[in-house]
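The structure under discussion appears below in the form of structure tokens.
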Amino acid sequence: MELRSRIRELFQKGEIGSLIGYGRGTLPLSARPIFITEGGVDQLIFDITCGVNLAKYLLRKKPIAGQKVGIICKGCDGRAIIQYLTEGQLNREDVYIIGISCPGMIDPNRVREKVRGRVVTNYQMNGEEITLSGDGFQLTLPREDLLSRSCLRCRYPSPPIYDTFIGSPKDRVEIQDEYRSVAEIESLPAAERWNYFQSEFGRCIRCYACRNSCPFCYCDVCFVDQTNPQWFGKGVELTDTIIFHLVRALHTAGRCVDCGSCERACPMGIKLTLLSKRMEREVRERFDYIPGLSVEETPPMAAYREDDPQEFIQ
Amino acid sequence: MRKLLKKDLPRLIEWLKTSYLLYGPTEYGFAPIADHTPELITPIRPPKGIFFPQYQVLFRYDGKVPKSKGIGLFGVRPCDAKGLLILNRIFTQGPYRDNYWQDQYQSGIIIGIGCNQPQPTCFCHWFGIGPFGKEGCDLFLTDIGDGFLIEAVSKKGEDLISSFDPLLPPTDQDLKRRDEIVARAEAQLKDGIDPKLIKERLDNLWESPIWGELAERCLSCALCTYLCPTCHCFDIQDEEKARVRIWDSCLFPLFTQEASGHNPRPEIRDRLRQRIMHKFNYLYLQYKEAGCVGCGRCVIFCPVNLDLRELMRRILDEG
Amino acid sequence: MRDNPYWPIEMVVGRIKVESDDRMLRSFDLRFKDPSQRFDFLPGQFCQLSILGKGEAPFGIASSPDEKDFLRFTVNRVGVVTTALHYLKEGEVIGLRGPLGNHYPVEKFRGEDVVIIGGGFAFTTLRSLLLYLLARREEFGQITVIYGARRPGLLLYRDELFQWEGRSDLRLILTVDKEFPGWNRKVGFVPAVTKEVAPSSKKGWAVVCGPPIMIKYTLPVLSELGFPPERIYTSLERRMKCGIGKCGRCNIGPKYVCIDGPVFSLAELERLPEPY
């Protein structure tokens, strides 16, 4: 496997001292983040199950003895790293970015929805179709039915910056209607829209798997956890859960790279990226900014410009 | 032992609803059964929140304490019924009893159902439960195809079911069918681990590198604790009009943070260790049973695949 | 309380006294609004005090079990609840749940010597203990008190302390960390002073309360003096919510500070992981 031989080479040349990558999980169709040195290279895998955004682990992993931390980067992991660099969270020289092209990642919630309790033991990809099979069943579905919604509208399967690349970088993909899900909700009458939000966010159990898997939720103390002052209730009243998700969307606006980690992590299958996507469009229209593409450009939420749109204070 | 034909299930449900506020499984959790007959699936959330709500008013400042209603839980899996039993022990034993839990649990009724088709993530048999474990149920149902065999497990269950007419005596064929189903399901749950051994190994693993290794990957969210049938840590908060209790999680960094700034469990490593020790060592020490029922929810849903079964095997190897 | 352990009884705020020169420590005497709810307790037990709408927090009882009409608590202003408590005025009503937790093993002390070692604002339940012992003075052997603070203005209950200094049946040593104008008593850290005072461990019991760092350095001194771990007691603090062993927060290993503690012997603590 090219992945393993290339990584072994990086260890041997001393380019990296440790690596954050993916290993096989214990469940069918699952992978897990792994943290290895040279001895662990044979555990490495990369396929459509490697959805977890690894960038966040860079905030915990520091170079040991001056040797860089290597990290396997899909487009969204790489973009999160760029965003970290603009936010001063990371030193570029501490990290060795190993780019890899992303085939799009499955969303375990969507798989569960389709297989309804049956156990998948294997899968096969044939172009635009994925065949899931298990004890006594086989299910062939279009890719769109199983992949993360974020991956289906992703323009950047490869990281914009890298130190080395496994395989060859894929070009930017042209996506026509990446804000379709947002537009669909926006087109609904207010009452229906509210019903929709109620049914989605009313399921939230405040476990914070979304927040804790989000590369950009790295605050020491999240606003929801603050007690002095306590901004709002910690229970599962709808108003409280909705405020949590709305404020999180605001705090990640202009930063979120739509990796979809939050949505895949949610045990209740809430379509969380609807809010972040809405904010992404806002930032793009107002500031002509797409997060995680350039280290040089200052993110709009961290910059002041004379010509910033500011009609809200006029 | 009696038999209920499947066509009579809606009648049983309607009849139970005359005595109880009846909850049944839905995809996401247990919910009041309205006009439909519930599909007997295993919900994402265990039923603990029905008796121990995630958000519960303890009392209003005007002095009012909310009263509990008799709740019936229909279609509870053996693991979840045992989970409720474990919670009952925790809330009612020791120097103080939690009246909110006790009132709710004692006034309720639990109608369990056996698992004809255990999942590969099920490990209830490690804890002596198994796909047809009846502990913690008042009535227990076994799906035998054309109907359910109904068994009264408690006196409360017996009293209830004895006055429900449309039940038939099971035929020998029915019983034979049930035995086959039970045997087939039980055969699927293999390679158990003895929780007593885990407890003993954990006695010596406070300083183990295991905790640090797991912590590398753990996101420190509360997904596993909130989906767990036995996790019960909570916070008490004063809101504008009432003192409330809200689920909390030992995996949250602020759980033990003191006003002075000191935190006895500052690192993910410390908190993960607390969760595992509490379930498999401290509770075992107290009740001779672990605080886990092997439902597999934490295994299935953990975003970073922290698999409790794998950890248990590791603990046995290490200790 | 018996039916609903989360239900607080009503207490009326009586005398309020600022205890420290930085005004961060205040004592409150609380009277039972309904005298029939009065309860007995022993030194070392604590209560949950609450201001409805602000929250609850645990405090050791600082008054003597013999002071039947009121309970005294000394509150260090650090968080939301303690700040709200500091704004209380005489006559206001607050909530109380208690008495909670275990107590110092005073029955074991009978006929033997007791050394009480305190540091900073952790002298609250030690005051309760000392008053209890003094009220039954003839039942106990030698009583030694070593109490230190960073500076004189941070010693709690100063007026009483200075009075007790004059007692012939009590050996009371007050110390501060550094020289201070007007301070003509001892200067030095509690562990060093303990070593110097060297209370006898023969038929002796030691009770130590204070900041973790003080406890950490005092325990070895007591061991050197010959106190076995079964005869050294301390009181632990942890963040608590329910106070009744349910909410899962205050445990140290398998022990809950709220119901198995807060008082533990060093022998018990040695069997627990990382108690400080």
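Per-chain numbering from 1; labels A, B and C assigned in written order.
Operating definition for what follows: contacts are C-beta pairs under 8 Å (C-beta built on N, C-alpha and C of every residue); 3 or more make two chains touch, one makes a residue touch a chain.
By chain, UniProt protein names: A, B = 4Fe-4S ferredoxin; C = Heterodisulfide reductase subunit F.
These numbers were taken from a predicted model, which means no experiment stands behind them.
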Mapping chain-to-chain touches, which pattern fits: line, ring, star, complete or other? complete
Can you name the chain whose C-alpha mean lies closest to the mean of all the C-alpha atoms? B
A student comparing A-B to A-C should find more C-beta pairs in contact for A-B
Greatest Cα-centre separation from subunit B belongs to chain C
In whole angstrom, what separates the CA-based centres of subunit B and subunit C? 40
For subunit A versus subunit B, what separation do you get between their C-alpha means, in angstrom? 32
Suppose each chain is reduced to the average of its Cα coordinates; what separation in Å results between subunit A and subunit C? 51
At least two partner chains per residue is the criterion; list those residues in subunit A. 227
What positions in subunit B touch 2 or more of the other chains? 235, 237, 239
Listed in rising order, subunit C residues that touch 2 or more other chains are 79-80
Note which residues of subunit C are touching subunit A in the complex, please. 79-80
Would you pull the subunit A residues touching subunit B in the complex into a rising list? 25-27, 30-35, 52, 57, 60, 117, 119, 203, 205-209, 211-213, 221, 225, 227, 230, 233-237, 261, 264-265, 267-268
Over in the complex, which subunit C residues touch subunit B? Could you list them? 3-7, 50-57, 78-80, 82, 237-239, 241-242, 244-249, 251-254, 259, 273-274
Contacts from subunit A onto subunit C in the complex sit at residues 227-228
In their complex, what parts of subunit B are in touch with subunit C? 58-59, 61, 65, 90-91, 94-100, 206, 232-240, 243, 245, 248, 250, 255-260, 264, 274, 277-278, 281-282, 285-286
